[in-house]
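Below are two complexes that have subunit A in common, paired first with subunit B and then with subunit C.
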Partner chain A sequence: MSALTGAAATQVAERVRAETLWSRSYRARHALQSIGGRAYPRIFGMLREPSWLFFDLVFPILNMSSIVFLLRSRGVDEAWVSATILASALLTFWASVIWMMGAQFHWERDSGNLTLYITAPVGLGSVALGMAFGGAVGVLFRAAIIVVAGALLYGAAYTIADPLLFGATLLASIAAMYSLGICLSSIFLVSGREADHLGGLLNEPMQLLGGVYAPVRNLGAAGLVAVGILPLAPAMDALRQLALPQLGANGLLPVQAEIGILVAMSVVFGVIGRFLLAYIERVGRVGGKLLTRAD
Partner chain B sequence: MVSPSQHEPIARSSAAVEARGIGRVFQAKGGPVTALQGIDLRIEPGELFGVLGPNGAGKSTLIKILSTLLLPTSGTASIFGLNVATETERVRRIMNIVAGGDFSGYGLLTVREQLAMFAQFYGMPYREGMRRVDGQLEAFGIADIGDRKISALSTGQRQKLNFARSFLNDPWILFLDEPTIGLDVSAARDVRSRIRAFQAEVPGRTVLLTTHYMAEADELCDRIAIVDHGRILAQGTPAELKRMVQREALFIVGLDEIPPSTPLETLRRLPGVVSIAVRDAADAGNDISGVASPMVRLAIGLRDDASLAGVITALAGAGAHLREITKSEPTLEEVFVQLVGRGIAESDAEARP
Partner chain C sequence: MQTDRAADRSTGGLTLREARPFGPLRGSAADAARSLVAASRLAWSIEANWTQPLYLVVFLAIRPLAFLGLFLAVFSIGGRLDVASIGFVVVGQAVFQIVGAALQGPTHALLDDRERYRTIRYIFATPSSLLPVSVGRALVKAAIAGSSALIVIVSGVALGMPLRGGGVDLPLLLVVVPLGLLSIVGIGVALGAVCVQLRNDAWQYPEAVAGTVFLLCGAIFPLEVLPGPVQAIGAALPITWWIEGVRRALLGVASPGRLGTIPTEELVAILAVGTVVIWAAAPRLFTFAINRAREKGHLDRNTAS
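Right after this comes the complex of A and B.
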């Protein structure tokens, strides 16, 4: 038996407690490291499974093709074909937000990872940011392939007069969508078995409200509401205006206003997401079932 | 790594684990379910403490509370003086946890990548983290599968990986919840030996182990608490617990046969003898000439060890050939049965829905 008692135990306990006092700069570095650590499997792990890459690319391209054929059969302007391809690329981010952000903690709980995250000295916020960053980088690659495939298969062409503005809009769009994803990750976790239904609800109906294949301007008041609460809507509307100026008249709001909305969404959803993560941890520790898998 | 920036507010406990009146009630559909009630526990730094009990006894609930996963509904608990309910961040910096049958991780990552990811979560600078990853892979004998995907690992390899992960941050307290469940004998032995080595490396490292394997608890633990229905029924060293059920010294004496001139009744009348019974008759193997040699074993209960001399003298005087004498210790299973009123396997069967 090697138990310490008396002065030796007191000394060890004091040393242990001293080790738990992390400086602010150390915590900041740790948070960044944790974000990188969680992003890693998203960026590199995915590339190891060729079948995933295949399905993640083939299905969106097939979906995109069906709409392209429909548009061409109706004889619409070819710019709408390019818009469809741009929408398909943006939808890969949206799908990732629903399934790889929203449903992720639910899956992490069932696999036992969430228990390890909670008991590690890493905040759920860093884990969620790592998921978002890794997801965005991984999907960016797939979105680029879809755009290239669209150009090669259907001759899609874009006129981007201000690449910097386009890049900033894309960045703001991604930030807003993944900030919402952080909120969804908590909501999906709380909703338990309803998570799959929630994911379905956020998929096709949101594509309509997001103005993916038809401008949100055509939705009237519903379009305005969508632009105010659904990142997909201002993102799609702004990117379409920037990449296809010939369709600019179909934009709902000026691009700068939509960028402002996206930035505001990033901040607001980020704050709400942080609150929700703290909430689920608190509720999980009180209730006892939310954070650990059912044995 | 550490930069103290706060002062300790008050005198704190020096115990590695201190629990006072811990209770936990879960709200279930059929009404409240009490998982723990009135748990008082003190584990000193450096101890390997076992919590032994059947499924549903409250072992995992206790670990979840102490490892900050769950809040108690009553009582308080601290780890090295840090309150598990209110100082969770600090507690998490010095602890780690391994659960049996744990299939956590990302199947697409390699073993080394998975550990490197957790090294980041545990706050290690990258190079230091990788040095520790390689060290743990070596220590657990899994360096050769460092580049294998997690999805391709066997159960034993996965559990060794879990242990390697849990040792990465050099935790001061390690919670092991049924860690060897589902492991084969060899893998379980490796893991147990590594736990002992881990503790021996740094004085003060503490392990809290839950198990319902009696032999594991007996072999590993400095002290054990036996729990059932959310209560601690007894706690102490394995020897102390066994003494609780051992009211007499029990010896097993092997003879070639019971001498006809000294029947058991005669032996029972010897001073200090409490009971004598034929335990079994066995084949003791072949004698020197190759002839099969039977053996009779007597279970002899004595008031004290010294009374054995009289029994042996009587048997030898009657011409009996002694083959073996062993002192029989009670097992933890016997302790458990006495305290709980049923065997652990029986309790597990009752706990199943």
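Right after this comes the complex of A and C.
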């Protein structure tokens, strides 16, 4: 079997390119189908495997309960109990970003599914967007259950004067977190056994820096930096100000400014994520290591 | 080599190999000890050689310190952080590092070997029992978590956490730490025996149990804060007594509430009885569960979760 070289190789490459050249509208339709296809199991999977829903709820509720009892043992204002429940709901998104976005491609590689993604005529970007969309919708349901459970178990109460603004802030928060998740998926994908530990490092340390349970302004300069780079920080600060006006004095920045930061993060992380995924895919294909199991 | 040959004996054309001694141990005890050491070495490799030693140390420090920082941040809500009162949380959180690791250790060892490395069938085919293998893996996880716990306690002291007047009560610490560790590894072994039977979410159960125990054992708040019936469950856990014993040894003061009124000797006795009860039951449950798993084909199962 003789290898193609020189002009013959170029001709074949051009022919293949011409035959597989999709129109812009076809590509858009194909990308949307891919996003829908990947989002589907994220949204409807829990109906088929209710035990996943149980564990998705039990961990945040246990953590939430520990903090609630700690707060009550200190005798602080009950508004902080409500803030803790809101934080626990937001953390379900964060956990999903770490494990169901960041670590997902890494797991897919270990289970063999990444080979299918790579060989299918689907870009990793569309797959990642599908994971993000499906993940966000699925987790929204879980977050709502956590808030209801918090209200029933611990009497959490909220005063949302502007539901539209609250909804917009939540949406911007989710978008910023999942955009970061797309960036993280590339980083996890090039990680070997470090991936599990990396996930651990993105948990409690980021919760601390993000001012999840206590105001981010208490962190001083570190809090300011966190608001600029970590979606959890402006998200929690803004949501707390909107849902619990009595704690508004603990806010670091005005809500509108924090929404602006979250929107900017969504765009910036989204662009970086797309670039990183394309880069990792290209380098991985060239090096032949993209599909190599970590363990 | 000559000793090895001397240990061989010939029976009916087959060469059987007698169990080699392991220190003062002979027979099956020597085999178990050898398996324990081999499993510990393997666990150390799995847990520690994924990165450079410096990064490992940084990793071991960051997460527990952040965990501690979270609780201290909550502590500071509604006023300034009172360093004199942080000892309760610092010690509870430090000890729980070990509890979490030891609880999850045996289950994760079994599931890792079954589904990730796919070696459990080969281990099962060797003369080693899975029990020392699981215990060895759990002990190393606990030891690594112990270094994190030490970092947390040193950080607490650096923040101004007052230690016991006259120094740490070393004899008490030397009694309660091994007892507590044994009890939690025993519970972890029992948990592993249950999890190896499960079709779904076997990986999640140890974490869920650890989270529940964290809530119930008074690690960061006194038991009295919990609702009445839940307090009784918390008081029945050996981990509660372990944490209280370590608090008394390090801080020199008992916890607030009913737990603090129990004399230290009684506390140690309760912890010892709990440990004995757990170790009377856990190995039997483990053996029964592993045999059942073998008969039902669970040792070849891949839950893909």
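Just so it is clear, the second predicted complex is superposed on the first by the 271 of 295 C-alpha atoms of A that agree within 3 Å, B and C clash if a C-alpha of one lies under 4 Å from a C-alpha of the other, contacts with A are read in each partner's own complex, and residues count from 1 in each chain.
In this text, a residue touches a chain if its C-beta (ideal position, glycine included) is under 8 Å from a C-beta of that chain, and two chains touch if they have at least 3 such contacts.
Computed from a prediction, not measured in an experiment: that's the story for all the values here.
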item: First, second, both or neither for A:S65, with subunit B first and subunit C second; value: second
item: First (subunit B), second (subunit C), both or neither touched by A:F275; value: neither
item: Partner chain in contact with A:R193 - subunit B first, subunit C second, else both or neither; value: second
item: Which of subunit B and subunit C A:F141 touches, first, second, both or neither; value: neither
item: Touched partner set for A:Y26, first subunit B, second subunit C, both or neither; value: first
item: First (subunit B), second (subunit C), both or neither touched by A:G288; value: first
item: Partner chain in contact with A:S73 - subunit B first, subunit C second, else both or neither; value: second
item: When both partners are placed on the shared chain, which of subunit B and subunit C touches more of subunit A; value: B
item: Partner chain(s) touched by A:P205 [first = subunit B, second = subunit C, both, neither]; value: second
item: Which of subunit B and subunit C A:S111 touches, first, second, both or neither; value: both
item: Doubly contacted residues of subunit A, that is, touched by subunit B and again by subunit C; value: 49, 111, 295
item: Subunit C partner contacts - residues on subunit A that touch it in the complex; value: 49, 51-52, 55, 58-59, 62-63, 65-67, 69-74, 76-77, 80, 111, 192-194, 197, 200-201, 203-205, 207-208, 211-215, 218-219, 295
item: Interface residues, subunit A side, partner subunit B - complex; value: 1-5, 8-10, 12-26, 30, 33-34, 36-38, 40-41, 44-46, 48-49, 111-113, 115-122, 284-288, 291-292, 295
item: Of all residues in subunit B, those that touch subunit A in their complex; value: 1-6, 8, 12-16, 24, 26-27, 44-47, 60-61, 64, 67-71, 80-82, 89-97, 99, 102-106, 108-109, 113, 116-123, 126, 149, 165, 172, 199-200, 203-204, 222, 237
item: Residues of subunit C touching subunit A in the complex; value: 50-51, 59, 62-63, 66-67, 69-71, 73-78, 89, 116-117, 200-201, 204, 207-208, 211-212, 214-215, 220-222, 225-226, 304
